[in-house]
Every structure is written in structure tokens, then in C-alpha cells.
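Data first, discussion second: the structure below is written as C-alpha cells.
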Amino acid sequence: MNTLNLPSVWLQDLTWEEVDGHLASDQLILLPFGSTEQHGPAGTLGIDTFVATGIVEDAATRMGALCAPPMWFGDSPHHLAFPGTVSLKTETLMAVVRDVCTSLASHGFRQIILVNGHKGSNLAALGSAARDLHENHLPDVMFAVADPLHLARNAAPHIKETNEHHGGELELSQVHFRYPGQVRMDRLTDEGADFARVFGGFVGADLFGPAPDGVDVIWSSREQRDFAPTGSLSSSLGVESDKGRRFHEHIVDRLCEVITWMRENDGPLAAANDSLKQQMS
Amino acid sequence: MNTLNLPSVWLQDLTWEEVDGHLASDQLILLPFGSTEQHGPAGTLGIDTFVATGIVEDAATRMGALCAPPMWFGDSPHHLAFPGTVSLKTETLMAVVRDVCTSLASHGFRQIILVNGHKGSNLAALGSAARDLHENHLPDVMFAVADPLHLARNAAPHIKETNEHHGGELELSQVHFRYPGQVRMDRLTDEGADFARVFGGFVGADLFGPAPDGVDVIWSSREQRDFAPTGSLSSSLGVESDKGRRFHEHIVDRLCEVITWMRENDGPLAAANDSLKQQMS
Amino acid sequence: MNTLNLPSVWLQDLTWEEVDGHLASDQLILLPFGSTEQHGPAGTLGIDTFVATGIVEDAATRMGALCAPPMWFGDSPHHLAFPGTVSLKTETLMAVVRDVCTSLASHGFRQIILVNGHKGSNLAALGSAARDLHENHLPDVMFAVADPLHLARNAAPHIKETNEHHGGELELSQVHFRYPGQVRMDRLTDEGADFARVFGGFVGADLFGPAPDGVDVIWSSREQRDFAPTGSLSSSLGVESDKGRRFHEHIVDRLCEVITWMRENDGPLAAANDSLKQQMS
Amino acid sequence: MNTLNLPSVWLQDLTWEEVDGHLASDQLILLPFGSTEQHGPAGTLGIDTFVATGIVEDAATRMGALCAPPMWFGDSPHHLAFPGTVSLKTETLMAVVRDVCTSLASHGFRQIILVNGHKGSNLAALGSAARDLHENHLPDVMFAVADPLHLARNAAPHIKETNEHHGGELELSQVHFRYPGQVRMDRLTDEGADFARVFGGFVGADLFGPAPDGVDVIWSSREQRDFAPTGSLSSSLGVESDKGRRFHEHIVDRLCEVITWMRENDGPLAAANDSLKQQMS
Amino acid sequence: MNTLNLPSVWLQDLTWEEVDGHLASDQLILLPFGSTEQHGPAGTLGIDTFVATGIVEDAATRMGALCAPPMWFGDSPHHLAFPGTVSLKTETLMAVVRDVCTSLASHGFRQIILVNGHKGSNLAALGSAARDLHENHLPDVMFAVADPLHLARNAAPHIKETNEHHGGELELSQVHFRYPGQVRMDRLTDEGADFARVFGGFVGADLFGPAPDGVDVIWSSREQRDFAPTGSLSSSLGVESDKGRRFHEHIVDRLCEVITWMRENDGPLAAANDSLKQQMS
Amino acid sequence: MNTLNLPSVWLQDLTWEEVDGHLASDQLILLPFGSTEQHGPAGTLGIDTFVATGIVEDAATRMGALCAPPMWFGDSPHHLAFPGTVSLKTETLMAVVRDVCTSLASHGFRQIILVNGHKGSNLAALGSAARDLHENHLPDVMFAVADPLHLARNAAPHIKETNEHHGGELELSQVHFRYPGQVRMDRLTDEGADFARVFGGFVGADLFGPAPDGVDVIWSSREQRDFAPTGSLSSSLGVESDKGRRFHEHIVDRLCEVITWMRENDGPLAAANDSLKQQMS
């Protein structure tokens, strides 16, 4: 199953007949969700989408799976004060997820993995939409929502050297490795937000590090321009291609394991659906 | 400021004139969001709301702050197969948050803390709605979203003795302590979900413990009834009032510190809004 | 059937197994809808919700029925200029009704009574949502919408001594009786709106009295603050616990008769659904 | 002001320049809302709209006011089982009201009267939309919602001879008088619903008569076809043109008084808006 | 089939029993969609609706078909700066189309023709709603969307003498012929928009003539008042009843052919639905 | 102005500071909208998006303008029965357009060109959203909606040799030229739909050719699979790179002229906005 006899892993590069043929033997698809959002002085606006497309393309290639085309726009209100940022309402993104997944399920796709490159920020929309779809509309489609924050939860601290937040070392290294040219290596910066001063010690400065007993303090893009004028929330001085490779490959490795498990899964999740199908028929 | 000269901390127990008077000296309000959702054989359907109301009432009493009445319905599709569970669509809950916060802001409330007792599950709606409100509609209202999962992130492992997930030791202990009678002590169970078997090692079994490099696997309520027939996802055998007290008091303590910080905050978040106000005037 | 072998009539105070057991013998549930809205100088903001919860709790207790937790927020735009008032958009409240009733119907509840304590104002949302649900989504669930205005249509004039409108004698007496402490007895007032002057004789000043051949004149909360600065639209000087008791008990008595009728109903409404079921099977 | 120097009272029959000229001296407009809904064996599907257009045309002609074109579709789910009935969702009708009133207000209309011919059933949408518009979007537009049920509340019992409900004596007489040919005089019927049997004594059989202490029992169109197979809920045998004339003229007279009052109103409602304008300027 | 034994072709002028009887032999219905929108100094605001009602009434009369009542409000934002214009949001109009067609389909109507008199402007809403309905909700209802722009695509140039755009020769002639009195013959004008100057040669000045290789330039109603102060975008000096008759009759003739084809259609469109019905049964 | 001193014309390939700098001298942006939709046996699912991205990239490069990242999903319900097709609801696509344009306008973009590669089908959403945005929310942003159907209206007949509809000669030639590899040259087909048989002579078979006096007949994807089993609606046998080049270059040339005009425009559209700005300041 892991050898894809197709010209591409990308749905948009295939004809409908090629997709039709592939569906006979595999029903898994990866959906990359990113953003068009400022990533500090060194990162391009597409960083989050590049993270997502790099991950899904490599995992799909290795596993003989398909990918849907990327969603370039995400849920980014808190960056809107930085030129070039585009933000969808959460409800708009949920509607896109609903419409895309419903379309794919109608063709017979049965395992859908939403891969978020926009660390954290899209998860509200992706997770909520997937839960509603699976509970109320697509009970026999298995959904997973993947994010580098969780796929590299334990591995990241061994790779990075400094705090990782927005526009920082790990995400820029990953894109620098996978899509050379998307990081302005002459614009790396060690300017970041002073989390203690801004958030009173209630918000962690490292997405992969220990965090305080705290709360989620909501900030606006105007406030961010005040407390982080470059748009970078953590130092990017340590960006290196090799770090990016290690981070990226760990994520891809782990995602491939998820794919294998979802394809082969005959555990309780599948069983419940089997009994559902029996009731319905 | 910490002495509330009012008959109650609850908005619903005050007249509009009492609220009007209070607003002259304090503009902070706590909003409890819960759920009506199965919590295994021992926990009542209101557990999540009791968590939220207990926290806000105690913090408000200590700090001389106000609380809005509780929202008893949350985002619970994955529990709908268990009788009595009520679930709102994510969009419905977002609309409630938007309407309630907009109303409160129109009266002059300027620090709004959304306190979620429905561990995790409501956060998509609460966080998304708050980010949109703050960015696009209420730039001069400071928002925080609080959840026991984060307020006791580091403290919880020192209190609990087993994995904590849904219907487990800590949340039932907290409600057993704060609202005696809401836990059926004769129905405690050590039955929980076999996370490894169900989720292939990609989902952590302990919300306060280490988690694998994984993904979010979406499950339906029908599937949950299959893999966790009692509705309990982790053992509740260790429920004790004293554990609940320690967990609860830690959360309240920490929330009080958040309140103090938000009231006194003159850091970058406030500064950005000050400059905004100057531009507008 | 009228003896409830459960620790509480409230859904939130029961475990899912207790609800499951109860559903085997009874499928009726009462849903209290209120508001958080100014009620003049003497009434607390929660008055409408207390009206609703008092009614459903007493009727449910007597009849061995269940109650859902209260909805504390209602459709109150015309009171927003008074601090503490919270108003949902009509569409938001309709969405809540739809989601809650759909959840309850999925468990097997078959008679749903929406009990409105927010005299009149929520009825647009409750009635519209119930009609849509029953016609298009839940044909075999029987719905009723109850309001003190209608349950005590004929009885009220025999109990009250003055015009009854917003924040007046009857509703405050009812809450004063049922929830002592929720009415500031030292803040009763005979200030009310001069309906003739404000509404030109086209709007009745007494919700339980004769009304002119007129129209519904829409007023804003700003206008109300102008023509009724205390928020009271009718005199509350006559508030007495005993009046409240008589008003409340009449309503509960009558609601219990509705419950009996809905449970036993085998008339045309049930017959149509029986034939519907035959067509579907 | 009461002499309209225009070819028609209907907006659709005027050019924009004619409307522009009229707006210089009068800013009141009447909006007729009806339905396309079964009215028993004798009444045409357009009865409700004919009621509304007849009322607004006659009042506008007498008062020199303008009318918007009619909205032929209303909120009629409970009649959908009868061929020809068209029903809008309540939310759809609210959106229409919002868009139409916002358009008219942008041209300078300042008194808007929504006239409902669909007795009762559209009022949820019309009233809710108007309250939201006036509170949140159009504070300086005065809104009234008019319905024959209220404009003839006291007069109707002196005109009609039997119970009046759906498809009955008064509404058919009114249309028979105003739009001859819209009532099939050879299909009048004394078949109606047996309210006591169907609704257990909790719903009144006469919209203009005394009603029991009761509730609103929601019925579906399928149920109605069962308990009232002809679609008529009250006898139409007494239909007479002269009754219709008396009923219609009373309503028009009263509506003209409302128009006069709204045009001349300098009471509290206008005062609040004057102070609003002062604050804004 | 072409002889309608009914008092009227209009749904609103029939009783439900008359519609029920007609449905036994014919399931086609025409829905007229118009607007209330400025049409220059000579055309009334209702011109578009009159175009639609004139067409459907004449085609229905000739073919023994039914018509639904007109929708007087359309999608007209770009005319809002001219007094009297009413515009619905595109989403509102789509909701109306959805609700009306769903209602009609529930009665057994199987061929629905949406007839747009508002040249072009409503087509986005009508076409989008119809495509969604047919694909996702009403697969066995055949939909067509008709517009004079397309029904007279080839015929119009032989009738008109000048450029035809908004408020011009052909549409005013059509209404002048069909509804005498709706065109102010003493207000005809040769003032129109200078398309080359305003739109840089990228937008055609004649809806029935050759157009440049261009784009759709979006203009606002404020801009239109600037570049076409009378509201007329093309000369109306050539308005004549006989031109209107020829234009109108051509459209009606062609629409009657469409009706005949839809009624008798047993081609691929019907075949696909037949196989669909087989699968479902 | 036509020399772009930036690493890329694509927003996603630039940092926010690079965008910020560019905005100082140019405020025009091109937005490509496509689809993921079957294009017969030879065309890949991404054809429409490739059309759009090829056009905007080449025009932007020549003119020194910026492009937003592509929207890969469009309004394609009528193709859903062919595997791989993804369709958004029209309302979803409208929400995306609204959110993206609002974001871009907040940064100072003042000329927005929506470029549709999904011939015709997305235009309802794009045009409706743009009209609403320009009239009601973004009066000082100039919008144009571009589509190959209109940009090559006159040129196309001179390039193509056969009827052009879906999956045909011209669109495949264009993508074959611009993105070699996206057309399976060994799968070209002369199978197309028999328009006369399917649509009764009321729908034209050539999007660039003469069309009958007709209507828009709505077809579902199931019906299309019946009448055009390959998904191709017109012959693709004539696909040639050189034809594609001529078609593409004509479109790009013409779009560049639109860009020049929009940038330099000081005609009536700009004048209206100037006066608007004067009123607002």
C-alpha cells in the first residue's frame, strides 16, 4: 500500500480517474492547514503553510497516501496589525473544514488527518469542526488533528536551544530546511516578547517548555505591535537547517506511524462504527 | 477594593443599582462556563459547571469581585450517547460568549475572565470568541480564559494519585469537597478507558501527566460508549474531599493572583490600549 | 409515576445512569428559561430566572418529573442601558433552544415543556424554535411553551392590586415568596412608566389587564432609561409574600395539569404522530 | 401632510425622485407582511397578505403616507402539510426585515410600521428584528408592529358571531370585503378544530375571546391535517362583506391614529433620541 | 394540460384544495423575483418586479401553469444611494429561495423555474441557491433560472435602437407595454453613464451588445450617484409600447418552449433522477 | 512602479516588513481563486487554480504588483459525483472573500482584483461578496472581478478550434502551456456532452460562442455523470501548448491594462470616494 503508483501525492495534480483508482486501495487523506501571517523580520508570511505542506507531502510520499491542496488562510486575528497578515473568522475556517471534509467523505475517503502548521491557533476551528462532523454527520470517517506542537512534544526540547514561541528557532529552522529561501537568514533576531512583563507570569514563554500555573491571556494585534514590535515572540538567532531537518523528520516519522495505525486500526473506534453500520443496514 | 459591600458576588443576586455602584470602583467580572454532561457512574451531569461556579464564587468572594450567572450548557458532542448530556454547537457557544461579553462591556466591565469548568472542551469556543471580541469589537476590554487544566498544571500531579481524565479522581474530589452530595461515593469506579488500546499510543491518558508525541484523535459518543461503557475515562476510586480541597484552593489562589494582576496591570497590554484611546479621541 | 425515586429533580444533580433509569418510565422534561436583566430598584437581576426555576422545581417535584438546568440569559435588548443586564440575540437564544432540545430528544425525552420566567420577552425565540423543531426535526416530540402570563391569565387579576408590568407587584411577590432575599423590601417603589404619555394610549399598562386597541411600540433601553429611570415600569409597593405564594401556586397547579395531560395524551396530536411512525417504519 | 401629491401610495409605483421629494415632508412608511398559507376550503392562500395590503393601502391613502411592497412569504411551518403553503424560517424572515428596514432608514425614513396580516404567526420575527434594529442599529428610527389581533382587540367581539381562529369568519369577511373574489363563498364551512379535545383545555379557541389559564401547545402541520382536515380551525359560515367592512375600517381607523401619534410624537421616546443625537454630535 | 381549470394562475389567488387538485396533473411552477430599486427618472421602483410578474403571468396563462407570488426585494446594494431602493443581502435572498423552493417541493412541485426580472443582479443568489438545492437537498426537482438577458439574447438587438443598460429603452418599454402607468413618459431621458470614462473601456455599455475583453468593475451606489446622477445608465428616449410588446412576447414565447421541454423532458437529466429513485427505493 | 524590488510577487513568500515597504508605493493586489474539481480524463483536479495562479503571477511580475496565496477550493457542487472534487458552499466562499479582503484592506491595500480561474462558477460568490464589501464596508477600496471568460471574450474564438466548455481545448491548453505536466496528453478525448439532447437547445455548448435565447438549466453532479461520464463537456483533442500560450498571454496582457487603469484611475469612481473622504473627515 505504501507505493503510490500516481504522478503525485497532491490531489490537485491528479485527474479524477487517478483519484478514483487510488481510492480502491486506500482511503486516507492528509489536509494541510496553514496561515498567511507575519513571522517576524526573518520569516515569510507563508511559514505556517509551508510547515504543513512540507509535513504532509513527505509523510504522504513515504506512505503512499494522498494530500488535499493547502488552505493558505487561518485564524490569525492577533497578528492583523502586521501588514500582509490575513485572518479568517473562526466560523469561516470551520465552514471550510466542514465543506472540504464532507466533499472528501462523499468520495469514499475514510481516514482524514487535518495537519495544522499554524501552531495552536487553528486548532480551535479544526478540532471543533472535526468533532461536530464525526459525531453528527460522518460517523464512519476517522478524524485526527495533528500539530507539530503535539507530534514533537517530547522531541523538540532536545533539538532547540532557546525558548520557542512565534517566529522562533524551530519553526523557522524547519521551513529553512524544507523550503530554502523562505527565511531571511540576514534578518534573524533575538528580539522577542518579555513574557513575564507582558503577561505577569501567567503565560509560558516556551511552547515546548514548562509553563506556569496560569491562564490564557488574550492579546490583540495592536498590543502585540506594542510589546513585540518586530513580530517575533522568541529569538530566531539559532535557526539552522540541520535543526530544522531533525525537527521535521521527527514529525514526519511520527505522523507516518499515525497513518499506519489509522489504516490498520481495528480497535474500539472501528468496532463502534461497525456496530453502527449494522444498525443502519 | 477587596471588600465587597454587596449582598452577593453573583450578578443575578444583585439589583442593577448595586451593580452600578460597584462598577464605580471595580470593573472585573468572572464568567463561569460549564456543561451538562455525563461524568461516569459517580459524577453528576453538572460536575463541570459546579467546578466553574465553585472557583468563581470563592475567588470573587475573596477578591471583592463579581460573577455572572453560570452557563450550564457546553460543547460536549462526544458525550451525547450518554443520557442527560446536553451539547451546544461550537458556534452556538461562541454566540453566547459574544452576546454576554458585549452586554457586560457596554456597562463598563473592563476585565473579563472566562472560567471554564469543562476541562478543555469549551476552550475552542471561549478562546476563539474572546480573541475575535478583543481584536475586532472590544479592544479596551482585557480578556483571560482560565481552566483548571492550566491553573493547576504543576500542582495537580502532587495531589492526585492516578491518571486524571474524564470523570476521574481530581475533578470529582473537587466537586465532592465544594458541593457535597454531587458525587455518588458508592459508585466510584476504577473502570476507565484503555487509552493505549483505543488510541494507539498517540493520546495521553493523563491530562496532567506526560503525553506522547501524538495527535488529537477525534472520537464520537457512540465510540466512547463502546470503549468506556461507564462513561468514566479514568479511575475515580481515589476521590477524597481533602484532595479536592487542596486542588480547589490551589486553583482559587492562583486565580486570585490573576485577578490582582489584571486589576493593577499597567504593562504593555494596557499601554497599547492607552495609545489606542488617544488615537480615537 | 408521580414519585420520583431520585435524589433530585434537576438533571445537573443526577448521574447519567440515574437519568437513564428514569427515562424508562417517564419522558417528560421541564426547561426553565430566564434572563439576567434589571428589575427596578427592588428586584435582583435574576428575577426572571428565579421565576422559572421556582416553577419548574415545584411542578417537577410534585409530578415526579425532571428539569434541565436553567438558561440564565435571555432576549433583553430593551433593558441593556441598565447595568448588569445581559442580552442574547434572538438568533442565539433560538440556537440554544435547538441544541438543548435536540440533545434531550436524542436520549428519548418525548414531552418537552419550555418554561419562560422572562414574561413575554423570550417567547419569540422559544416559540419559533419549538415550532421549527417540531415541524422539521423532532416530529415525535411534543412541545409546550409555558409562561406565567398565560398560566395565570385569569387568576392574576384576583391576586394583584395594581397594574402589573416590568418589576411590579406580582413577579416580585412571587420571587420574594419563593426565594426570600431576592427582593430588596426597602427599595420598593411606586414609580413606574406613564404608559399613556409614553405610548400614546396604544400600549396597555397592565400585562394582566384590559388593553387598548393598539400596537406594539418598540422602545430602546436608552428610551426606557428616560421614561422609567428606576427601571420599574409598574408599582412594586404592594409586594407581599402571600400574594406571591398564591400566584406561584396557581401557576404550579396549572402546570401540573399540563404535565398530566401531556403524559396521558392520546388525542389527535399523538394520533398524527402514530400514523407518522407507521409511515416511517 | 395628509394629502399625498403622488401617483400612488406604493413605493413600487413611484420613481426614486418622487420618493425623494416626499421624504422632504414625511418620513413614515408602512410595511405589509403576509404569508402564502392555506386558509381552509374557502380562503385563498394569499389571505394574510391581502389583509396586510388592504390595511396599509387604506391607511396610507387616508394619511398621505407611503407603503413598501408586500412580503408574500411568512413564518408558517405549522401549515406546510397543506399544498401551496410556503414557509420561511424565522431567521430568514428576520433577515428580510433587517435588510428592508436598514435600506429604508438609509433614505431617511424615521417611522416604520410593520403591519402583519398573518395573525400572530409572523410576530416573533417582526418584533424580534425590530427590537434588535432599534436597540443596536437604528436608534433614531421609531418602530411599531401592528396586527389586527391587537388593533381590533376590543372591537372584534362586537362584530363577529362565532369563535375566530384560522380561516374563520372575521379574516375571511375582511378579505371578502376588501378583495372580492378571494373567498370561495360556496366553500364556507363550519368545520373547525375541536380545541378542547386537541389541546386539553389549555389553548383558547377564539383569538378574540377569553382564554384559559394555559400554555402554547406546539403543533405540526401533519398533526393539523389530522385534527383539522379542511385546514379551517374555526367556522367560516358567518362570512359577510359588511362584517368585513366594519372590522377592516376599525383597524384602519385605529392605525391612522397610530400614524398621527408617531408623526407628531414629541414625548419621552423622541426625547431620548434627541439627547442621543446631542451626545453623538 | 395547457388549459388551467382554475380561477387564477397565481398561487395566492387559489385555495389549497385547488392547488392540490392541480398538482395531480401538473407539477411545474414559475417563481418571479424582482427588486424595489431605482430605475432612473422615468421608471418606477418596481420595474424589475413588473418585468418578472408580467412574464410569468403570461407564460403561465398560456401554458396552464402556476405562479408563486412575487418576491419584491432583490440584491441591489449598488443602487442604495437612490431613495426608495431596498436591498437584501445576497445570503438573505438565498435563504428566501431555499425556504420557498423547499416548501413547494414538499407539496410535489417537480419543475421550478426561477424567473428574474432584475436583469443579472439577482442571478448570483438564484443560481447559487438552486444549484445547492438540486445537488444536496432536492435531487428530483428540476430547476431552471430564467432572465430576459438570456431569453432575448439574440432577439433584443433587433428590437432596440440604442444601448440597453439600467433604466433603458427595452426594460422600460416592456413595463410600459405590460403595466401602463409605470413609466413616466414625460421623464424619459437620454442621460446615461459614460461607460468608457467611468470603466476605462473594460465594461460593456450594452447588455445585449458586444462587450470588450474586460472585467467586472464593482461600483458602489455612492459612485453611481456621481457618474449617473439621474440613476439612468442608458438612454430611455426610445421607449415605445410596441417595442415593449415585441420584447415581452419574444421572452414569453421562449419561456413557454422551456416549460414544454421541462414538462416532457425524458432525457439524461430525468434519467439520472430515475436511477437515483431506484437506488433509494 | 512596475519594478518590484522584492524576492517574489507572492505575499506568502515575503516578510511583513517587505510587504510594509511595498505598500508605501503600491496598493494593488491580485487574489487568485480556483477550485479542486474534476476536469475530465486529461485535466488534473487543480486546473482552475492553475489558471488563476498562472495569470496573477505573470501579470504581477510584469506590473510589479503583489498576489495573495491561492484559494484552492471553490463553488463546485455540480461536479461532486466525480472523485476528488471538493466544493464549498457559496456562503462559505463568500465568507472567505470577505475575511481576506477585510484583512488586506486593513493594511492599506486599495485596489483588489479577484481573479477567477474557475470559469464562471465562482463568480456568484466573488461578485456578491465584493459588491457587499464595497457598498457597506470598504467604500474606498476599488474592486474588480476578472475571469478568462470575459478577459478573452473576443480573442478566444480566434484561438480555439472547437466548442469550449468544461475540460476543453482552451483551458487545458492554457494549463498545459503554463504548468506542463498538469494535462495528461495521452488522455485527451473528444467525448463531451450532447448539449442539445441534454438541455433541449436552451443552453449554449460553447462558452465563447453564440448561445441560444435560453435559460440556465441547473444540473446535479449525478446527472452530469450520466450525460458526460468522462467529466469532459467539450472535446480536448485540440489541446496544444501554443494555443495555450496565445490564450494565456492575451489574458495577461489585458489584465495588465486593467492594473494600469486601476492604479492611475482618477475618474468618477475615484472622485466619488474623494468626496466621501471629505465628508468623513
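By letter and in written order, the chains are A, B, C, D, E and F; residue numbering begins at 1 in each of them.
We adopt the following convention: a residue touches a chain if its C-beta (ideal position, glycine included) is under 8 Å from a C-beta of that chain, and two chains touch if they have at least 3 such contacts.
Predicted model only: the values in this text are computed from it and were never measured.
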item: Other chains in touch with both chain E and chain F; value: none
item: Chain separated most widely from chain B, comparing mean CA positions; value: E
item: Centroid spacing, where centroids are CA-atom means, of chain A and chain D in whole angstrom; value: 54
item: Chain B and chain C, separation of their C-alpha mean positions in angstrom; value: 28
item: Separation of mean Cα positions, chain F and chain D [Å, integer]; value: 46
item: Where chain C touches two or more other chains at once, by residue number; value: 80, 89, 91
item: Graph class of chain-chain contacts, one of line, ring, star, complete, other; value: ring
item: Chain order around the ring, beginning at chain A and proceeding next to chain B; value: A, B, C, D, E, F
item: Contacting residues of chain B [partner chain A, same complex]; value: 75, 77-78, 80, 89-91, 94, 113, 123-125, 127-132, 134-136, 139, 142-147, 150-155, 197-198, 200-202, 210-223, 225-227, 250, 254-255, 257-258, 261, 265, 267-269, 271-273, 275-276
item: Complex contacts: residues of chain E adjacent to chain D; value: 7, 10-17, 19-20, 23, 36, 38-46, 49-50, 68-73, 80, 82-89, 91-92, 95-96, 98-100, 103-104, 106-108, 181-182, 184, 187, 231
